[in-house]
Each structure stands twice: as structure tokens, then as C-alpha cells.
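Everything on this sheet refers to the single structure shown next.
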Amino acid sequence: MPPSPMPQPLPSLPPIIYQQVIRDSLREDLGRAGDLTTDAIVPEGLKVQADLRTRQEGRVAGLEASLLAFRLLDPGVEIEILRRDGDDAAAGDVLATVTGEGRAILSAERTALNLLGRLAGIATVTRELVRSIAQSRAQVVCTRKTTPLLRALEKHAVKAGGGANHRFGLDDAILIKDNHRAIAGGAAEAVRRAKAYAGHLVKIEVEVDDLRELQALLDLGIDAVLLDNMDAATLRQAVAMVDGRAITEASGGITPQTAPALAASGVDLLSVGWLTHSAPVLDIGLDMEPQRP
Amino acid sequence: MPPSPMPQPLPSLPPIIYQQVIRDSLREDLGRAGDLTTDAIVPEGLKVQADLRTRQEGRVAGLEASLLAFRLLDPGVEIEILRRDGDDAAAGDVLATVTGEGRAILSAERTALNLLGRLAGIATVTRELVRSIAQSRAQVVCTRKTTPLLRALEKHAVKAGGGANHRFGLDDAILIKDNHRAIAGGAAEAVRRAKAYAGHLVKIEVEVDDLRELQALLDLGIDAVLLDNMDAATLRQAVAMVDGRAITEASGGITPQTAPALAASGVDLLSVGWLTHSAPVLDIGLDMEPQRP
Amino acid sequence: MPPSPMPQPLPSLPPIIYQQVIRDSLREDLGRAGDLTTDAIVPEGLKVQADLRTRQEGRVAGLEASLLAFRLLDPGVEIEILRRDGDDAAAGDVLATVTGEGRAILSAERTALNLLGRLAGIATVTRELVRSIAQSRAQVVCTRKTTPLLRALEKHAVKAGGGANHRFGLDDAILIKDNHRAIAGGAAEAVRRAKAYAGHLVKIEVEVDDLRELQALLDLGIDAVLLDNMDAATLRQAVAMVDGRAITEASGGITPQTAPALAASGVDLLSVGWLTHSAPVLDIGLDMEPQRP
Amino acid sequence: MPPSPMPQPLPSLPPIIYQQVIRDSLREDLGRAGDLTTDAIVPEGLKVQADLRTRQEGRVAGLEASLLAFRLLDPGVEIEILRRDGDDAAAGDVLATVTGEGRAILSAERTALNLLGRLAGIATVTRELVRSIAQSRAQVVCTRKTTPLLRALEKHAVKAGGGANHRFGLDDAILIKDNHRAIAGGAAEAVRRAKAYAGHLVKIEVEVDDLRELQALLDLGIDAVLLDNMDAATLRQAVAMVDGRAITEASGGITPQTAPALAASGVDLLSVGWLTHSAPVLDIGLDMEPQRP
Amino acid sequence: MPPSPMPQPLPSLPPIIYQQVIRDSLREDLGRAGDLTTDAIVPEGLKVQADLRTRQEGRVAGLEASLLAFRLLDPGVEIEILRRDGDDAAAGDVLATVTGEGRAILSAERTALNLLGRLAGIATVTRELVRSIAQSRAQVVCTRKTTPLLRALEKHAVKAGGGANHRFGLDDAILIKDNHRAIAGGAAEAVRRAKAYAGHLVKIEVEVDDLRELQALLDLGIDAVLLDNMDAATLRQAVAMVDGRAITEASGGITPQTAPALAASGVDLLSVGWLTHSAPVLDIGLDMEPQRP
Amino acid sequence: MPPSPMPQPLPSLPPIIYQQVIRDSLREDLGRAGDLTTDAIVPEGLKVQADLRTRQEGRVAGLEASLLAFRLLDPGVEIEILRRDGDDAAAGDVLATVTGEGRAILSAERTALNLLGRLAGIATVTRELVRSIAQSRAQVVCTRKTTPLLRALEKHAVKAGGGANHRFGLDDAILIKDNHRAIAGGAAEAVRRAKAYAGHLVKIEVEVDDLRELQALLDLGIDAVLLDNMDAATLRQAVAMVDGRAITEASGGITPQTAPALAASGVDLLSVGWLTHSAPVLDIGLDMEPQRP
């Protein structure tokens, strides 16, 4: 049969991965007694239409996950999605329109926006960093420095921003750091232990702090090296030493200012923790108007 | 009997409130197969001692909650706590020392640091804002713009930073916003509905956008007014109009730069969403050394 | 725009608050093997219609929550709701009609009735107490003496009975009791500590046992006083002493017999634990008849 | 080897059966912010000793389960148990003494007492009913009309009161009721289906409304008959008709007043729903005094 | 009214009993990042049709439970069920056809097949054993030697294979084994204790190892005896000794080879652990073809 | 510092990975009422000592996980571990001795043995297969055809048997199968999509059915090829074609009989589903004797 089209660069996450987080977040906000203000003021059956609208320019991420908050409080809500994760939105753009029970929409608003703003914030700073190194062949990757319980969603947001994903956890790849090396008595022994232990689909990366350490690694047959806290010149030397025998990843204090020079060194990856641990939220609001019956 | 001493300004959170979050975060990082790198390299029974050490100056928050990650992987771990939530720490200070199974400590490291850095980051930016208005009588308060599932911990971090807490959820106070007023057909009717509905220990606050709206509220007997997006001069007028009949809270785009002037208006509270939704993490690391048996 | 109508005095609880309780209750009754009797006898595909019918006069509460039990076992069940929470029903009235899979309806019957009878029982005794003090301006309020895991539903049932809600938990208001006062070394110090700790939307209530204690409190600026175990005459004096400076709540052994005199003292609230901890169930049954295909 | 002694008539429930209920009840009461009052007033490290003491005479049940609430908030709490489930206690008796962190004990108090009062209340009314029929050979049994999620604990409380347990759920025995008979087209066919379906360790009981129905059942080889809503005279006839071929159970509106006459009919069991669905709580309180350091 | 038809010998399990297992199994396979392969290759919106098809002859069990995996990933999936639990299927038969999102179907495939193959495997070996003793009046029953967390589904599979169910757990019948007898100081004392403790709908079975032990039991009025590890001749003697006073169950190392002779002894039941703990899976696959839009 | 010793080939799983499975399995067996037999017969406080003892020769796996069942019912139980996962045990060997509350040990017995027998069964058949190919350089690997919710434990058991682990789920490596290739329109396009999507630590494996397909893959730079259902001769050709450019894995109907010839082909891996989906349990029992006080 003829081939199907290539998938979008950013496939949707299956809701089964995040629905418990949305459900628990709603419960966290509703507490035992529910939304006192809305219950006091808004009559049941009053329908409203509301727009999720950006207050500033940015990159969309987490839209479907966030909209689930409305669905969980009003299963009959109608949702029109106008932007997709990975799209850019200007300030004032409507990302989605939600039409349903006014009570449900008001009560779910903060839960939806808290998640959406955070994920779009991550996508937006990732996009900025990706753009800053567009002249190079390097990719931006995130780390395991994510928000507790949001790793899958935040990794998805990084992809929405044009970045790529590093390990999702401690169990899907081996990354040998200083402490592991020290305990093993050296990188060579650490790599030997890792190879003896790892399954055939597990890659091995090793962190190095200087070129001497790097040199010692190159014949061990590892998949990637993490070049920690090196300046652009040293990185360039490192890339030359590696010479394609491993993927090269630069790490440590990378900012949009320093990224272009670092990327120009020829490294494959720039890994950046603050994409997920310190990105400011993107300001997104909900504009609502009651509908006449 | 003689009175007990006054409690610390910042009592510990009972672990039952956060332990599920720590447990689930560990599972999120360990996945199905556990820590491949550590399991490959570190022998069982190797004890290590590790210091949780700041890499930059800041305010401590979430220390006990974060340390639970180590305890959950090694119930026999010994922990010495050197700083408490609410303390300041210089760059390089040791917050706590952890001694136990090397495997457990390495595997729990990232889970502990992800939480601790985030909470200390919140405490630190809160402290900065609090300091910026030290000349005034105003307090800094946070909002419901918190990270999904971390509200209790993040509100605690705001207190560690010297701030105070606003509502914890939709169910512990009434806060009438624009949409509620519009649906009710005006603030007076909205307040009437709220009073008819609220229990006797529920306070009522109303958001207003200008002084005209404020004027209309003052005789309704509400507990607090949220003065949204007003400049310092307008705030000063608002405070004068209220004249002690309600708590006054300023909100909207408050930064360390604008805060002193706003606080000088005489408002009781400055509420700030970015304390919890956009604070950068405080950089804290784990320094480890194996112990000889 | 024109104002919306005032909400019903008793808004529905959002199902997300109670659905886990219903789901777990069904599992508690079905166990591992399911409903042996029904599975043995009732063929799949046999539709039945069943009426939820009162066996005695009373006040309805918890109807929607209880009906969820049928929906969870037969997602296609059709439900006609004939009474709402807060309505009175005569003996023999049909509250709702349920039409669907016979197996599902028989298997869910007891789970639904156990919850409904309990909540309607609470609403009914609350209504009786409310009626007994109709000549006064006092309100009936419940306490935290609720059934484990049913607090939100039972507080809702009290409202269905015409009562009001006290605190929902330890975290939505401050209530200083004897032990707290003793530990602080007196009420004044306890209140001082509470004010220093409480957020701006947290009210403070203090329990007192006699008029001398009450006197000492009046200048401390608290929101409410809990007048414990006072007779009507003492209550009257207390109300006069308070003179509108705080909400007054009477508590302790209040029954429909003693309530009118106590309420006539002028107190604002009568709080009553037995509404939730000792109300007998309202007798409600399920009358079923198979339908011809 | 020599035989062990006979177990107590009332073995302890394994905590794994109820610990989730206790944990969730504590979370229900502590909410997101914890015990505001206690945290404001009671300093960490202040030890207190507290007595769980009856305020009225009754039968103890659920003591160990309730005490778990204290342990969960203070793992180091010391507990001295002075009465066991199934013991009688006079008004003012101390059931247990709890010594530990004042904060933990104050915060867990209501959770512990809500459960303990309920279970002791059930045990106490059961004891009364059991005593009322002490002259007969009949036993008191409870039903499935229990509080949602508390079935195991409430069935245990019935045993503490001297009663026995009926089915724990829909899956541990077959009980054919009116609706089942009607759907099957008669009791004989219903029993036939039940026997074809039931495993070899599943007993079968059938509910009958009159002696004619009973007569038709007697040759079907069932284990028990539920004689619904019969007066003492009819019951006596029923017992004679059954003549030992099945266990006989009387049901329907049984009270301490009517029980003696019904029991005198010779039935084996009186089953009573209100033991679990409508028992008033037993009044039990916590008396505390701070300890000097 | 006219009687309803007799239910199928194998009623469906209510999904509430197993849905958490299916949901958790999907999460176990999808992990944090989801199905990398499918997300990389299959575009959203591509519909496929897939057949669940046997690769070998066998007995169907667990079909509806397994199909839930597809529904959970694609709520709009269309499912045509062609065989029911308890049916036989030849190699190559299609059990069900699933039409929906290609991504969902590919991602759910292994979760569905892992469960279905296991349950059909159990049904198939049960069927073989049942057929091997078709000449006798004995039934095949399973034990509590089931897979952790799958007991309800595996007991159902045994019924699909033509077998019957023994106890579902420790709490729905009493089975006195060697250790219990030893602790009690003999079978008679053990039975006495069991009778004193058991509710009126709880049956009592006792395990015996030889005819002498059996003899001692026969006057104790127990419901069933478990004749452990006896050969056919001894079993025949045992059945004669019991002479209908209890249900007789043979146990211990029963295979399709030994079963006919053992069954011919006249015992009521052959109980067999390996039906659930060691049955090989039935080979079932998913054949898929993309649909043109 | 001097290097630590190499870890055991089989590190312990962290209990946080499996403890919920053990806890839920205990609840599954105890049900609502607990262990009726034990509670009726065994007095509280009676201590017993019990040996976990093999009834047949095999390889140990899952011992610590299984022993957790005893600890959860008796936190004070003393456990002496005599064999470790990965050890061989002769028939009659004691794997561990458990000393504690008789009730707890009897009630946990089946839960512990069900898990232990299954995991040791997997380890034992894995060991047999590993031994059968000891002359070759090939490794035995398991698949995702594991028991629902036991994947981590069963993968661990495979390692205890001397095998290695394939993917743990859909998210830790890419494995392109027939359906993926067909949807992409060919292997080359599927691989192109996979490379565009995969993170830098994700390996890619492709399944092929014949040598022609294999040839087309070799220049695409993939990490591994899955050679499905090839005979030994074809495998040998495949290995020669691949010539070290990818890891080679043979799959499909591999048995201890066919494995030696297949392994002799020079493939790196033999992957075998039945290790986890169809291994018979290893027979292990619990031998107990009461202790005199």
C-alpha cells in the first residue's frame, strides 16, 4: 500500500499518561467543599463561552492536556482547538474556545491555566534557545531537572519548543557521572561495568570534565559524551578529538547568550536544565462571556 | 501551667501531606527498571556520605520534604540537618548531610534536588520581594498560580521566604472576580449571593479594577478588596477610601522594582503570582564521597 | 448584560469530589467475584426499571451521588430524577427512576441505598432541628464529627436539610479550643499566636466555657466565639456581652428539645455534632420490575 | 505438640485492611494546609500525654484502628492500651493513653475519635440487642447496610458487641431476594440457577415473605432462609416447618423491644440493619495535658 | 410474569472489577514517554482495522477485559466481538475486530494480547482437564495459586474452560490445613474453633492426608474434605467413608494423565493449582491493515 | 580512592518499585474479612518459625520481594535469608527462615509463594535455556510478553536466570515491526522517521522476515536487527550479511531443543517470549512449626 504521510513532528501524548495529574490537580484546587465563589453566584445551567487567549507572544504546549480540566468538570463541554502544540501564537491569539457549563469552566480555569502557562513557558524559552543556535547543527536537549510528576508533559513541551529529549528517567539509558566514576575507580572501569550490565538497547553516555578525561574514554566504545562546563574553545577541541566516534553533548550554564558560540563548536547537543526548572510561565488567560439561553 | 514558647514562625508540614508526592516522584524517575547506571556500577553495601550544599546564596525551603526521598530508598539512612526551612544560606553552605547506602543516595539525588531547588527558589524570590518592601507595613502573599500537585509545599516555601499565604484553594475563602460580578449583574448582587452562601468562618474578598467599583463596594461589609492593576497613586486613593473597613490587597504585575512604591501606598498586601509560577530554582547540589567500610 | 438568576440555595457537588468514594464503595460490595446471586439468576440483556422510593417521610440529600453507582455499573442506564437534594418527600414518593441492565441495577442497589439513606437521614434530622428554631434568627451548623471519607457529602446533606456548614477541616479556619489555650498559657496569647500565623482570609474562633473567659476575649478582635455547654440564660448574657463584636455559636448537647430555648437567647449559630455522627438513616428502597424486551 | 490456647473470640483485624482508610481520613481533615490552629499555637517538640476516655458507658470497638491515626502523624508516639475491642467500659474509663508530639496528637484527635466513637457506638447497640435476647439461643447478625468504605471495620465492631457477621459482600454467599425470584420465575428456579452457578464453598440463603413461600423451599436443599417481616407467632411456625433443615434468620424492623419475643420463636438469627446504619456514636473524648520538658 | 431465560453459564465480569488492572498495565507498557516507535512512524488520524486472531486452537477467555485496552487509548474505537468467553476457537479464527486510530491500536496491542493469551491459556488447559474426566461426575476446580492481582480474571478464565471456582480468598470460606490442625492440637479442636468463629454463610472444609484423619472428621459436621495426595484407590475408599456427608475434593499433582482414574473414584472435585500458575499462554495475535481515508 | 568491588551481577530491585504490588496482592487475598481460618484457630501472640523450602531443584528469583509479604503483615518478623536471587537451590533447600507472629505468617504464605514460585519458575527456565547455548556466544533475552503489572519483577527474574533484558516498555527503545514498516511504506522510510524522532540515547531495532529485507536495512545505520522466524542456516547467512554493523537478535519459536543450533549461527541474542508468559512455577513451600513461648 502507499505510504502514510510522515507524522507531525510533535505527536499528541496519549491522555492516559497525564490524566491522573489533571484529575488530582482539580481535586487539589476544589478541596473538600468545591468552588465556593462560583457555587454561590453562578446558577446551574448557565452556559458560557470562553476563550483561552495569550497575553504575550509565545509557543503553545500542553493545550490538550490543559483542556482536559474543563472536560473533567463538564463532560459535555464543546471545545474548538485553534492552535496546536508546537504552534507560535501572537499576544492576543485565541488558542481554544470552550463552551459549556459556566460553573465548570470557572472552576477549572486556574487548573487549566496553571498547567498551560507552565508548559507554554517551557516551549517558549526552548524555542528562543533553539533559534539562537539556528546557524549551527546543534540541537537543544532538556534534562531530568523537571517538575515533580510533570516529566512527561514537560519533555513534550520541550519538543513543542523545537528541542529534543534526553533521558526520561534513570532507567532508559546509562549516564556515568563523576560519582559513578569515582566509585568504580575510573571511567574505564565504570564503562566496563555499564557494558556488562546494560541490555542491548541501552545506550551509554559518560560525563567528562576535561580533555584528558575525554581522551581516556574514546576507545571504550561509548555512545555519547557529556562535556561539562567547557568553554567554546575547549568544546571545539573536544569535538575534534571525538571525531564522530560518539555523540557530543555540551552542558553547564548554557544561556541564549553563550549558546551560539558553544553551538558553533560543532557539538551535537546543548543540554539545558533551566528549560524545565526555571522557565517563567507564558501568560495566558481565559476570557469569558455568558451566553443567553 | 506556664505557657509554652511561641512556635517557630514556620512550623514543619506534616509529612502525610507531601509523602505521596515524594514517593511518586521517585517512581517517576526510577521507572520500571530502576537506576541502570548506579545498579551497574555501585556495589550493594557501599556506604557513602553526601552533603546537600548550596551553589548560590538563598533561602532554604522544603528541606525535610526533599530529604524524604533518601529515606524512602534507604530506611536506615542517617540524616543530619544543618539548616531549617526559613534560614538563609550562603553559597557553599551545607544544608544537610546524608549517610547511607550509596545506591540509594545516588538514585534519590535528582528527585530530592528537583524539589528542594524549586522550593528554595520560591523562598528566595519571596525573600527578595519581602526585603524590597521592608520599609512599608505591607505583606507579600502568593496566589493559586502554583505548580500542579505542589500547592501545599509551595505555599510553605512562600512562608519560608517571609511571605504569607492567600487562599489554598477554591474552597477556603470566597474571592469574587470580574466574571462572577458580570454573571451576577454587579458586585452588590454578587456579594449578596456570597453572603447568603458562605459559612460563618468563610471570608469574602472582591476584586475591583477602579475606584468607582471600589466605592460601590465599601458599604457591603466585605472582608477584603483585591485592587487589580492599579498604580501607586491610585492605590493610595483606594487605601484612603477603604479607610480600614477591609483588608486591601494590590495585585497585577508587581516586581521588586515596582513593589516599594506600591507598598508605600499603605495597602496591606501585595499578591504576586510569579513567586510560585516563575521563580528560578536555587542551585543546590549533592557532594558525595564513598566511605571506607 | 442582565443578571443571571440567583443560584439554587443548594448547588450540586461536582462529581469529581465524590466519584472515587462511589467507585470504591461498589468495589467494596462486589469484592473479587462480583454479585454471585445476580450473576447466577439474571440473564445479561434483561432490562429492568426501578424506582428509588422513600419508605418514610423525609428530606432528600445525596441523590445524584447515589445514582452514580448505577451509572458506574451500566454506563447506558437512563435516569429520571424526580426530586432534588433539598426537597421534601412523603413516604412512598419516587425520588428517581432508573432504567437499564437488570444485573447492574441489582448489583448497585445496596451501594446506592447505603449512601442515600445516610445522607437523607442527615438532611432529615437537620431539617427537624432547623424547624424547631424557626422562630429565632439562629442557624443550625454541623461540625467536623463526620463519617470518615464522607465529609464533603455529609456537609452537603446538612445544607440540604437547611443547615449551614462549619469548618470543612483543620485547614480552612482557626478554632482555638481548651487545649490550645492551655498550651499557649491563656486565650490572649493563643489569639496573638493565631493572628500572627493566619492568612488574611482565615477567620479565628475561640471556644469559651464561661462568661469570665468570654469577657477576656472580647477586645482581642476575633471573628467568632464558641460558647460551650451554656444554658439558655448564660447564653443570653453572653450574647449581650458580645454585642455584635463577634459571631456567637452555642455548642454542647443541643437537642430538638433544648434548641428553641437556646436559640431564643439570640446566638447566631447552634452547632450540633449528632447531625452527622448519629443521625439514623432515612428508609429508602428500590422497587423493581423487569421489562419485556 | 500441645494445643495452643483458643484465640480470643475477637481477633484483631490486620492493619493492612484498614490503614488506607485511616490515612485518607487524616488527609481529609488536614486538607492542603494542615492544622492551622495547632501549627499557630503549639511549638514543635512539646510533648503531651493524652487519655482516650469514655464519656458514657459502652462497649469498646475499633481502638487499635483509631490509634493508628496518632501513629501516622507521630511515628514515635507511645501508646498504652488499657482496654481491648470487646471490653466494656464505664463512663470515665481510660481506654488508652497516648504520649508524644503535642502537634500530632491534637491534629489526629478528631480523626481518631470520629472512627472510634462510631465503631464503639455500633458495638454498644449490638451488645444491648444481644443482651435483650440472652434467654434465647438466637444470635444477632448485621447486614450489608454499612457505611461506605467501613464495612470490614463495622463488621468487626458488631463482633465486638457480641453479634455475628452476615455476608461481607455480594461475592461471599448467595442470598436470593424477591427481585431475583421474580426474574427467575419462582424460588425453585432461582435456587436451581444458584446451585448451578455457585462454587462448592458458597452457601445459599433465600428470603421468604410468608409460610407458603417457605413451604415451597424446604425441599430444595438450601442452607438458610431469611424470614422477612414475620411476627413472633409466624416465626415460630416457620421454625417448626423448617425443623432444622436450614438455618433460620428473622429480619425486618427488629428492635430491643421486639427482639426477645422474636428470638423466643426459636430462630437461629436476628438480622438487624440499624446496628451499622443508625447506631449513635459512643461519646469518647481526649483529655490532654502538656508535659514539662 | 414469565420467567427470564437462564443466564449464560458464564456471565461477564463487571468491568469495575478489572479496569484498574488494564489501565495500570497500559501505563506499565507506555511508561513516561509513550510508544516511541508508533509515535515516530504512524500519523495521527490514520485509521486501521485489526483482527484479534488465534494462532492455535483453544478456548476463549478474557476477551472483553482485553479489548478494554484499545478502548482506553481510543475511546472512539469500534469493536466487533465474534467469539465470547467460553467459546472454542480454531487456529486462525478471528475473535474480534477492532477499528480505530492506528496509533492507539498499535500501542495497546501488547497489553491486550498479554492478558488475553494468559486467560485463554488458562481456559484451554482447564478445558483439556475437564474433557479428560468427562466420563466421571467430578468437576475441575482451581485454587488460590493465581497470578498476583489477576485472581478475579483468572477464576473467570477457569469457568470459561468449564471448571468451577474454589475460594476467591482467605475470607470467603474456611479451609483448615495441616498447620492449622497442628496449632489447634488436632482436627477436632480446629473444627470446633472454626465453627465458633464462622458466620452462618461460611462453609468449612478440612484437609486430610490419610484415611485415619478422615475418619476422625466425619462426625464433626463439616461441609467438605480436601483429600490431599491420595491415589485413586485410596480416594475411592475415602469417598466411600464420607458417603455423602461432605463434599469430597481431591488435590495434589493432578494431571490430564492421572485425572481420569482419580475422577473415577467418585470424588466431587479435582482441584488443580497449575491451571492458573503454570498454564502456557494461548498464542493469539493481532493482524492489522491500514484503512484508506 | 581505590575502586569499589564490581557489583553483583544481579543487584536488588529497590522495593519502591514492587511494594505496591505486594501490598495489593495481600489485600486481594485477605479481602474484607481477613483470613477466617487463621483468625478462628491461631491465637494472637503465638510465634512460629517457618522455612521457605524448595520442593524441586531450580534457580531462585524474587525472594526479597516475596518476603515483603510477611513483613507487611508483621513488621516485627525476623527473616534470615539463606539464598539470594540468582543462586541455584536443590530440592529441599531452605531459601529463607521467617520467625514471627503465626497469624501473619500463615496469612501471608500464599501471597508470598504465588510470587516467589512464579519468579523462580521464570529464572529456572531461563537458566535452562542459557545453559543450552553455553557453547555459543549468544545471550538469552526476554520480551514484553510479561504478566500484567509484574514486568519489572519478571525482567529481574530473567536476569536471575542468567538472561538479559530487552526493552522494558514502549518508551525506552524503538523497535520497528511489520505493521510500522507497512504504514511507513517501507523499512527505509520507517527508519528515517524513527531517526528523526528518537532522542540521542534511544536505540533503534528493526524486525525483518527474510534476507532481502535485511539487505535493504544494512546501510541505514540501525542499532539492531530482529531476525524473525529464521532457521539456523538462514540466521547464519544473516549474521554474515550484518557483519558486525548491528546487533543481531533471533526470535520466534525458540526452545531448548532448537536453541543450540540457532545460537551456533553466531547471532548475538535469542529472544524468547515464553520465559515470562508460559514458564511453569517452581514448586516452593512453607514448612512451619509453632514455637513454645
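Which chain is which? They are A, B, C, D, E and F, in the order written, and residues in each are numbered from 1.
Assume contacts are C-beta pairs under 8 Å (C-beta built on N, C-alpha and C of every residue); 3 or more make two chains touch, one makes a residue touch a chain.
Remember, it's a predicted structure, so these values are computed and weren't measured experimentally.
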Check: Shared touching chains for chain B and chain D?
Finding: A, C, E, F
Check: What's the overlap between the neighbours of chain A and those of chain F?
Finding: B, C, D, E
Margin query: Centre to centre, using CA atoms, which chain is the farthest one from chain D?
Written below: A
Checklist line | Copies chain D and chain E touch via same or different residues, half shared test | finding: same
Check: What pair in B-F, C-F or A-F shares over half of its contact pairs, by residue number, with B-D?
Finding: B-F
Next item on the list: Provide the C-alpha centroid distance between chain B and chain C, rounded to the nearest whole angstrom.
Entry: 32
Next item on the list: Report, in whole Å, the distance between the mean C-alpha point of chain C and the mean C-alpha point of chain E.
Entry: 44
Next item on the list: Could you grab the centroid distance between chain C and chain D? Build each centroid from C-alpha atoms only and quote it in angstrom.
Entry: 23
Check: How far is the middle of chain A from the middle of chain D, if each middle is the mean of its Cα atoms, in Å?
Finding: 52
Note to self: Touching at least two other chains at once: which residues of chain C meet that condition?
What the structure shows: 1, 4, 6-7, 28, 30-35, 39-42, 46, 107, 151, 165, 168-169, 171-173, 175, 182-184, 193, 196-197, 202, 289-290
Margin query: Under the stated contact criterion, what part of chain D meets chain F in this complex?
Written below: 1, 4-8, 11-14, 16-17, 151-152, 155, 165, 168-169, 172
Note to self: Taking the touch rule as given, give the residues of chain A at its contact with chain F in the complex, in rising order.
What the structure shows: 1-4, 6-7, 9, 139, 141, 164-168, 171-173, 175, 182-186, 189, 193, 196-197, 199-203, 205, 223-224, 247, 249, 268-269
Next item on the list: Report the residues of chain E in contact with chain F in the complex, numbered from low to high.
Entry: 21-22, 24-25, 28-42, 46, 48, 102, 106-107, 110-111, 113-115, 117-118, 121, 144-151, 168-177, 179-180, 182-184, 190, 193-194, 196-198, 202, 274, 277-281, 288-290
Check: What residues of chain D sit close enough to touch chain A in their complex?
Finding: 28, 31-32
Note to self: Considering only the defined contacts, which chain C positions touch chain E in the complex?
What the structure shows: 23, 26-27, 30-35, 39-44, 46, 72-73, 103-104, 107, 289-290
